[in-house]
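One chain, chain A, links the two complexes that follow: it is found with chain B in the first and with chain C in the second.
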Partner chain A sequence: MSATLTEPDAAPRTPTTRPPRAPRESAGERPRRKSLPWAPWLLLAPSILLLCVMVLYPTIVMFVNSFTDLQIKNKMLGTSPNFVGFDNYIEVFTESDFPAVLARSLGLMVVLTVLIVVIGMLVALLMTKLSKGWRLAVSIGLMLAWAMPPLSATVVFGWIFDTDYGLVNWALNTITGTQDFRGHSWLIDPMSFMMVLVIIVVWQSVPFAAVTFYAGLGQVPDEVLEASALDGASAWQRFRLIIMPYMRGVLTAVLVLETIWNLRIFTQVYALQQQGGLASETNILPTYLFRQGLGEFGVTAAIGVFMVILLMAISYFNVRSSLKDEAEL
Partner chain B sequence: MSISPGIQIAETPGPVTTSTRAATTIGDGGRLGRRAGRAKGRAGRFGLNVFALLVIVCSVFPVYWMVNMSFTPPNQIISRNPSFLPFDFTFKNYVTAWTREAAPGQTDFPHALASSLTVALAVVVVGALIAFLASIAIARFAFRGRVVFIVSVLVVQMVPGEAMMFTIYNMVDDWRLMNTLVGLFIVHLAAVVPFTIWTLRGFVRGVPAELEEAAQIDGCTKAQAFWKVTFPLLAPGLVATGIFAFIQSWNEFLMALLLLKGYNLTLPPWLNSFQSATEATNWGAVMAGSTLITLPVVIFFLFVQRRMVGGLVSGAVKG
Partner chain C sequence: MRKLGIAALGAAAALTLAGCSAGGGEESADGGKITVWVVGTDTPDTAREYLKDTFESENEGWTLTVEEKTWADVSDTYAAALQSNDSPDVVEVGNTQTASFADQGLFLPLTDFPADDYLPGLVESATYDGELYAAPYYAGGRIVFYSEQILGATPVPTTLDEYVATGKALKTDTRSGIWAPGRDWYNALPYVWAHDGFIAEQEGDEWKAGFSSEGGIAGLTQLQDVYVNASNAAKDGDETDPQVAFCAGEDVFLSAPAWVQWSITAPADAEAPGCADTFGSDLRAFPLPGLEAGETAPIFAGGSNVAVATKSANPEQARAALDIMAGEGYQTLLAEGGLTPGFTAAAASLPDTEIAKAQADALANSKVTPTTPKWAEVEAAQIIQEALVKIAQGGDVAAIAADLDAQIEEILNS
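Presenting the complex of A and B:
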């Protein structure tokens, strides 16, 4: 994409560049290739070292540990753990609340992803209809929500939903003219905890979806839309039959990213639990793993391996589409 | 397209499609988009602006509320009637947040700030350097293994670090780096580098190699051509990815919570402790601390936002 964009700019220069280059180097488009075959590897060495030590190595260690009964006492005493086969995996899936946590995580992920994509698309469509000043104001508002550190956002929302002095309880009391909501706890009940969590995450994530969709909408040619409108297509038909096909790539990318991100939420859930939720009823995968604590390293490794496989399976689509982008080079 | 009524933001965009439909049926010759406004009547325009206003209010409100509360005196915060502007403007909450230790035996704000800045700046500098070299290699050289490396970067980027939290904990412990900023720095560095490589690669590719060659023809050496022509053109990309790395490290909570203790906490675990210890007595101070943490991120974010969208969509991750 960007390669083709730079072509017109570079074109006038080529006549002057090409002739002197040819005699010096015969490699054509990539002149340094033959003279320094080790150069790229030298440039890549620090990254390769870092990623091997910090990603590849722990992945292998975690995979191996997941088949052992490694515990903190092995670490303290320096003894080696026993090989236990698939026992950890069987234990995690049959004798723990892991299946419930997994179901909750997936349910939350679906709700969040759908809300974020739908609301993001609606905000993006709204932005295309606004005058310049309004659009700028909306963008700045979205930026603020996007930029807020997740922990700060959760603390603030926790305060807004506070049991005693929260704004929401005050507003509900004022609107209903009663004192029904005095001392109402929003976090103690798992369902309303999840609702508050969804509000926080959607609030923070819509800006990314909206801004990305807005950028994508800019690629839909006006002429096609005008022509279809002249031919009598309704707004919904134009959206479904013209805008959506143009947006397919952007939409897929956002869907995959949001799916992954929404399965990996830790900060918001943990911080909200700290403010008065029941951790055992509201854990999702990352917080569940975190709350297993240090000790049963074999079991936590099995949970970790499962999470890696689940997320890698989903991100397969994203890697593939990124590679398509790369192939255009 | 039914949206749960409990959600604040959800209520705003709902009817947008209805109003656009109305707009185009009344519109002049069914013209769409940016030009549709003029003729379709004041009502449609007014309706759209109302929804825009709702989006703005929903987005900004929590931030406004945090700042408002941070300037409100503690005794007013716990009154039954919240004030929407800090009429009795006070800096007391900031003084409390700045001076009081997070919890008994834990760090205070200035030390946490120093720790966060140390880790984040080190991640930015080292990360930018490592990723810059790698991005030059994959954008400017054709070599056997190039595609393998690119695929690895994309895959690594997707490996969920939090799944490996205890494995990394043990690793850092084995290296005798537990409860040190160096340990956290290495973890953050590894989290940031794949994304930085991928994004910088886009920037490097955007600078045509012909420019550098032209400079060489005009008498520059290869090194001069790079530093005088290509590097300045890449500077905005380096700044953007650097700021992104800074924000990542600044906000990172899980590993900081797991690896650091007592006086070595960075800002997110500091806020977590401070909030747990103080919320019953002083929400104003918690809001002040929260505002102080938010401020640098918001400022930086406004600089880079435009550049990051493209990078994220072409296969990247925030975590």
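Presenting the complex of A and C:
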């Protein structure tokens, strides 16, 4: 039983490490060509079914819709939509504000991902140096920020940065002893809007990165670190040459996840746009999609398909390059 | 033995799926639930209770729930909910949006509705392709509130120019002469209309937008003067909770819907605090004056309709609930709450106060947005609000107006 279960597990293990050990194992390994192990598949079946219903089916429908002019009307009256070929895609890509939205989304994604990974790593390293009590306090603090629903967090930050009665304006006026910040709008300027947005998202995303990195740091063997320290490696060298290689898998996972999450943030941007600023100059792909006309399913599906392809391309590139690195180790 | 084990595995795995329990449907011929969506806080509690009690006593075994939505929900949330199988049964919808929802097939046509007894403007907004899709609910106009404690000896302005001049003169660092947040586009329209500008007019088959017409530019220029020199309100703020600044003594003039009087005169320790004891104690109001003394500026005829959702599981009971909301008893309660009732005869119950009279005078000279199903798209795209925010920031009025007109024409003529 246990043999059949570990069999599929063994497959992805790097093939390059095998040949040297082959002579010892070759005796019993060869003739194993068993029929499909179906106990694992049976265990997987419900999840696969669920994934098909919840992920695969909507994706296919979205793909199909992106080539039609489907409207609410079609659904309500039971008529079928017209096939329009690539019209929706052409409409989206030739829209005058689309390049700006795309550039804004990608820029925001890069800034957010870099900040989250760097700050997350610093917090994780900090946690390894803390005493037990402080570590607990930091962990609880991280969890609280993480557990806060994004909408509530955004509304609260919106109040903090409020134009008329906000905490930030009050504090800045008090500190500077002037009235310069009375009625200062933090959201009306797109760059300033993005700054507030970055603060909100980073504040809430660092906990995940920090906790994951902290777990990863536990895997770095102490004896290697100690040996290198005795050999005179500086802290930065130890981090770069020992900790980072051990952490590569964790880092890749966090990078891929953060990239995907940061390219499709919606709640924070949308809620912040409700509180001020100009939606047309602060839209990113998901809010741009949402703000298309009422029930414009074809165009929104086309944007959706584009986002899926974009995300898959970015993740593929990331995963592949990290697998390559791993193989070279 | 082995087979049994595998069967057990399969069963165990299937059980994890069962974790998501099936939702219960409540279908039965003589009992069930009706859900009514109202928008905003303006429907008085007395009316909500009246609706629930009347409906439940007239329909044995049925319950009715009133849910409150916000105006921000009315476009997207409504569209999503109304086409789902879990659709609300009766919904309140803005008068300017009714045609577009009817066009998408989201509302059932109302047959045998005594439309002649209702406000003609609202009936027109609810009529699409010759059929009535919604019952007129209420109309509302914006009036200018002030407190004598703040206005002091300054006389109440009699022309629009005087109003703006007074607002500018009384503005201080901490006090708005005229409270005018940039995204409050309903309050911006009177400036455009008073100077003979227009939103959009039909010329043959084409729509022509008029913010960049001569009158439009004149109105928007005056409005920019208000934003920049008379108002401390957030340039990118919207019109929600206008009572907060007013009750803090930070407004001289506040142009807002008449029902805002209840928000202002609420007790200071209410859940939504007002200022019954301070600036709300001598609350007064007048209709926004026009260019000439003695006339009023054309205001936006706000209002709502109520409709039965096409996807309502129980359209018969939904219609019964709608008939109560459009009926005399309910409409009288709306009138007592200071809302101009859709049912014309109930207007007799409007309170005999200065504020009610100001609203009636203001509404006598009112206009609506262009009547085309495409108009809802203009509202959803928020292009007017964004243009106003740019004007409030001191941008070039002519360029912004020309840009806005191009965007409106693109949507209306698409």
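Methods note: the second predicted complex is superposed on the first by the 242 of 329 C-alpha atoms of A that agree within 3 Å, B and C clash if a C-alpha of one lies under 4 Å from a C-alpha of the other, contacts with A are read in each partner's own complex, and residues count from 1 in each chain.
Going forward, a contact is a pair of C-beta atoms (placed from the backbone, for glycine too) under 8 Å apart; a residue touches a chain by one contact, two chains touch by 3 or more.
Being a predicted model, the structure only gives us computed values, none of them experimental.
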Which of chain B and chain C A:L50 touches, first, second, both or neither: both
Does the superposition put A:P207 against chain B (first), chain C (second), both, or neither? first
Go through the superposed model and pick first if A:P245 touches only chain B, second if only chain C, both, or neither. neither
Between chain B (first) and chain C (second), which does A:W170 come into contact with in this model arrangement: first, second, both, or neither? first
Which partner chains sit in contact with A:L311 here, chain B, chain C, both or neither? Use first/second/both/neither. first
Where does A:P58 make contact in the superposed view: on chain B (first), on chain C (second), on both, or on neither? first
First (chain B), second (chain C), both or neither: which does A:Q71 touch? second
Which partner chains sit in contact with A:Q274 here, chain B, chain C, both or neither? Use first/second/both/neither. both
Examine A:R291 and indicate which partner it touches, taking first as chain B and second as chain C; both and neither are also allowed. second
Larger contact residue set on chain A - chain B or chain C: B
Counting contacts the way the document defines them, which residues of chain A are shared by the two interfaces, the one with chain B and the one with chain C? 39, 43-44, 46, 50, 75, 162, 164-165, 274, 290, 294
Across the complex, what residues on chain A touch chain C? 38-39, 42-46, 49-50, 71-73, 75-77, 162-165, 179, 182-183, 185, 187-188, 274, 276-280, 290-291, 293-295
Chain A touches which residues of chain C in the complex? 6, 9-10, 13-14, 16-17, 72, 75-76, 79, 83, 100, 103-106, 173-174, 232-237, 244-245, 310-311, 376-377, 380-383, 386, 389-390, 393
